[in-house]
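What follows is a pair of complexes built around chain A, which joins chain B in one and chain C in the other.
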Partner chain A sequence: MPLSAVKAIAKGQNGVGAFILQCKRLDFHYCDWAGSSKGMNAFIKTFLPKFAKQNPQIEITISPRPRKHPVIKGHYINGREKAICVRNMTSELVLEKATLLRDASGEKLKRVNKPVQSMNESVRGIWSPHHGARYQI
Partner chain B sequence: MRRIRPSQQSIDSLSLSTRHAHSRLSSPLCYACQFHSSALAKSRHPSSLPVAAFSTSSARLHRGTGGKEPFTEKLRKKIWGTDDVPGRVDPYSHDSPMRVTAEERRELAEQGRKRAKEERRLARGEESFSADELTEVTAGAQELAKKGRSTARRVVEENEWWESLGKRKEYEPAHTWDGLERVGGKAWVDEFKDWKRGRVVFEQGYLPLTKITDSTELKRSLHRALVEVFTLQQAGLDMTIASVPGEIQARPGWMDRVKIGPSNDNASAAVIFQDPAHKSELLDSLIRRFEQQDDPERSLEERVATEEDYENGAAEELYEEVAAEASEAEALKDLAHESQQSIAELREDLGAVREAMTARGLNMTAEEPNLASEKSRKGDETTASPSDVEANQQKKSTKKQEDSWAKDWKTISLEDPNVKFAVVKRVMQLTGHRIPDIVIQECKTVGRLFDRISERPKPKKLIEAIQPSAKFKELANVKIYNRRVTPVDKEKEVGRWKVIEYALRERGLPVVGHE
Partner chain C sequence: LTHYRLGKNLPGSGNFVLCSLSALKLNTTAHIPKMTPPIIAVLDFQFPGFEYHPPAGDQTCFGYLQRCRVRIQRWGSQFLASRASPRLSCPCQTLFHHPSFPQQTHNRRPQSTQATRLPPLSDFLEPSQSEPTPSIPPEPESLPSPPPSAALSSAKLAALHARLSLPPRFPLQTLARTLIHQSADPNPAFNNSSLSQLGTNLLGYYTAEHLMCHYPRLPMSVLFAAQAAYVGPQALAQICKEWGVESVAEPGGEVDPGLLQFRSIPAGASLPSTSQGAKTGRPNAERSHWNTSTTSKIIYDDQFGSPQPPPTPSTSSPNRHELQPPVPLETASASFIRALIGATYLHCGAPTTHRFYTSHFLSRHLSLPSLFDFRIPTRDLSRLCAREGFEPPVARLESETGRKSRHPVFVVGVYSGADKLGEGTGASLNEARVRASAAALKSWYLYRPLEVCVPSAVEVGMGQGGGKGKWRPNLVDLGEVIT
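Then we have the complex of A and B:
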């Protein structure tokens, strides 16, 4: 039986092993006095510990911001920031907004029309009229 | 349909009654102006009285002398269509009723009087005037004269007053303060107080100047007020004795050990003294204070007679009240006597105890058992650790609370208005809190009253709630700040602040904006 090389086929992991969350940090600002912070304060007390535990790769800071509406601010690895004002929201809504910021890429919002988008160059390269088969007309 | 010409219409009936006067005096062309030009109307007006015939007004002068008539007079004649023009030559003349000054009023009054005389004389001489007309004319003149007299009198009085002012003193501006009226000083204050009359009582101050805000101290004051009021109630005395105005006596040491709670029927309160002598002592001190406040030199009957005479007119009521107060006073005296006796007995007992203790060689006076025990407790505290001290203090305060309050003390009823009044008044006096009517009305229980006079605890900050929480402590990725994160903090975090500060100082610029 002739000797055959071991078949080495690349596995399609589809980026699972190297996934990096785009959001690196979330700041939660609240006010002790103002009523618009009621939901935010409840969120910090009840939902935040669990949320922080589920997302250990995100740095979370909690700080007061007196006489101002509550805000969640996300910092992304592309250097951009996203802030959402959560005034008068319930704690559940605040959790939704926190999740939204966590999942965001940090890019500006754009309209997506194509089903597939890629930043990689095409394998075939740019089409040129001087290359390839010559057609006889 | 037959048409009536305007000249024959019913408006003419007004002039029919005075037609004879028209024939005598001028007959105006204009019906609308008839009222002004009729004899009756004319007679009412001072300028158009019959005396006007003797007037020396400019218009008449001009006519009489045949001089040149002024343009206005010509115009008036044209308007009225007659030579004898009614009304004033100048409606804004000095004697016009539109502008009459005080001085002119006097002149007018004088003229009125003269005219009245003339009128009377004319009435006597000329028979052609009707009787009605004449009476009216004279009545008008008399009225005018009367008015003139009263105004004249007033003017004279005013003038006299001004003259007297002028005679009294000429105004001289002062160059020094000698002899000037002085504001301030004790005498001035006294006078001012007298002037303010009823307010003096408030200024003296029934309430103490400083409010008690500490919750524990407030609770103790409430406890004291309740003990005093309900003890008086149980003794069958007037409960407001507790809150007579005056100095607030020091709180007796045993007061904390008097337990108070709701009575079985929930209508009142049960007060339990550890020592019955304390009860008599309390009553004794209250009664003594009441007696001191009351003027001892005036008898009870006198006081009732003088003070309440105004309010209760009936003598019987007075007698009844006097009798009631007298009996109350007797009861008070009896109680005081009893309490004094019991105190004397207690003192004897204490003396015996002291003797026995000295015989045993104990270095402790019987008069200061609390103090001695406190000293011994203090000695213990110095040897104990700080945490133990705190625990001890907590235990002590809870022990005190247990001693002074029964389990459901907050449900003690204040439904009885007399009790409520006495309690509220005493609480106000002890704590310095001015309790508004609406609160008094709403407080049905002692607990409610306490809640309303004690300040609400400050709301807890979020940081205080989450920082000690174990849930947050175990999370490595969560950072909690207890104050606002400033831009300087952010720079410090990334290690840029030192560089920035150095650069700012080098250029002589302020490091932070608010310096």
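Then we have the complex of A and C:
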């Protein structure tokens, strides 16, 4: 055979075509006894229905976690989880934390030093010593 | 209170304690009075029958299922008259549910945030009041897959529907059906085998027309590889993971309808495709050491050039109760995505399906130049130039450095007359020449016309450039060079 092919899989580019929200599930754990859970309880009663309606692609679970601080756990598509303890926070702050978890991907927090990250090579090309007017064959 | 040194050979002996004499002398034990525990049940799922469950993920462990089964039997004896009742065959009929049993079957484990209350017991004390033939839904554990009515109360399913931005016309019940592989439920009315068949054809059609119209000169082997890279089983399994679809530990009627249901093949078992042997329908199929040519792959094999068994009468009409063999996760994931495309086509029509395909599959990045693997590119380029009537290719050294050193760099260009066909660099003159020929061949095979008219767009009426539904013929190439 003069020519054979290399097996590969096309790489996904989230957002180029369709966008898949990376946060697939949020668990809200509250406590009826702990004072630190006051904000979380208020959040569940006031803000959570609207938050859930605005984000239909997230599966939201509410369950009591007795005698513990309130916590929000986010489960992401890459299999990782992120938990934020929302003890002693007001309901507005809890909403902020829920929004933070929703907007995050499951990747670990990484510092980005370069301004541009791209799969394509540079438009003008990188300078080469072997090409140019100097070289005539 | 005075200090005493405790005597006797007991724990605490020899220690100084500050206490009263009566405390040391009197033998008393603390008596905890018997009292009923205070009612701490506040929320719906804290009442008996609805105990607190950990969030889903632990729901599918077997011990939990055992406990729940026993509890349901105790509850069920009160008001369930008969257990055995056939599953309704038409999904539309299940939308009408009995008023005495509003979503009772899946309420046993409140995986969604709502746990609806049980109806008061008085409803069940006089069963004669209800309809003459009350259709009591069967126990979910006895079914191989969850009933379609359970789809309306699954949070996972609704989240998946929204995550994929499926149109509202696409019902949740069908989405639940696409997640059921035939190994979980052999009944073709409830599994995704028929939808998957339609979806396989649609995906193959859209991908093949995209590749063939945009890259008319692509060689057949690269075309097969590109097809598999976009819609092959491994690619679909990867897409399924990226969509956040979880799978069950074991399929059954009580699982969440939003999970991918299939019977998983045990570790170390042989795959079903290899067990069938070399039954491909081509002549001399039993001579496995014979090469299969590209033409025979086009005729006898599937859209990826992989061997597939010819359709037999038994597979075309499977028995409803015949248990299907377990499959790997990749097969089940691929069947889900294909069934989803098929269902989108049926519910929403061709334009929506094509848009869904373009946004989810064609948006993925595939580097076609990296799929090529040449044997002797210099010979192939020479034959190609002879076929096309170009001047024979000549390699010319354009630039070099470090000829006598450990790492020389030679830049070679391949010319046909005065036209440069390709360029390559290498650590030796021969390597650079070979790379240049390969680059020249790639530039030929990866030719891409600027304006392309795709057949499915014309069918649907979304023709680009030529007006609505106007067909402009595309380039059909002679084929790859034969050496």
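What we mean here is this: the second predicted complex is superposed on the first by the 100 of 137 C-alpha atoms of A that agree within 3 Å, B and C clash if a C-alpha of one lies under 4 Å from a C-alpha of the other, contacts with A are read in each partner's own complex, and residues count from 1 in each chain.
Quick note on the criterion: a contact is a pair of C-beta atoms (placed from the backbone, for glycine too) under 8 Å apart; a residue touches a chain by one contact, two chains touch by 3 or more.
Source: prediction; values computed, not measured.
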So, A:K53: does it touch chain B (first), chain C (second), both, or neither? first
Output check: A:V116 vs chain B and chain C. Expected answer is one of first, second, both, neither. What do you get? neither
Quick one: is A:I20 in contact with chain B, with chain C, with both, or with neither? Answer first, second, both or neither. second
Examine A:V6 and indicate which partner it touches, taking first as chain B and second as chain C; both and neither are also allowed. second
Check whether chain B or chain C contacts more residues of chain A in the superposed model. C
Would you sort A:I77 into first (chain B), second (chain C), both or neither based on which partner it touches? second
Touch test for A:I126: chain B only (first), chain C only (second), both, or neither? neither
Which superposed partner A:N41 touches (first chain B, second chain C, both, neither): first
Pick out the shared contact residues on chain A: the ones touching chain B in one complex and chain C in the other. 27, 32, 56-64
Within the complex, which stretch of chain A touches chain B? 27, 30, 32, 41, 44-45, 48-49, 52-53, 55-66
Per the touch rule, the chain C residues reaching chain A in their complex are 42-43, 46, 52-56, 111, 113, 155-156, 158-165, 219, 221-222, 224-226, 228-230, 232, 234-235, 238-239, 241-244, 258, 356, 358-367, 370-376, 379-380, 396-401, 409, 411, 413, 425, 480-483
Touching residues (chain side chain B, partner chain A) in the complex: 459, 461-463, 465-466, 469, 471-472, 475-485
Contact residues on chain A for chain C in the complex? 1-14, 16-18, 20-21, 24-25, 27, 32, 56-64, 77, 119, 129-131, 135, 137
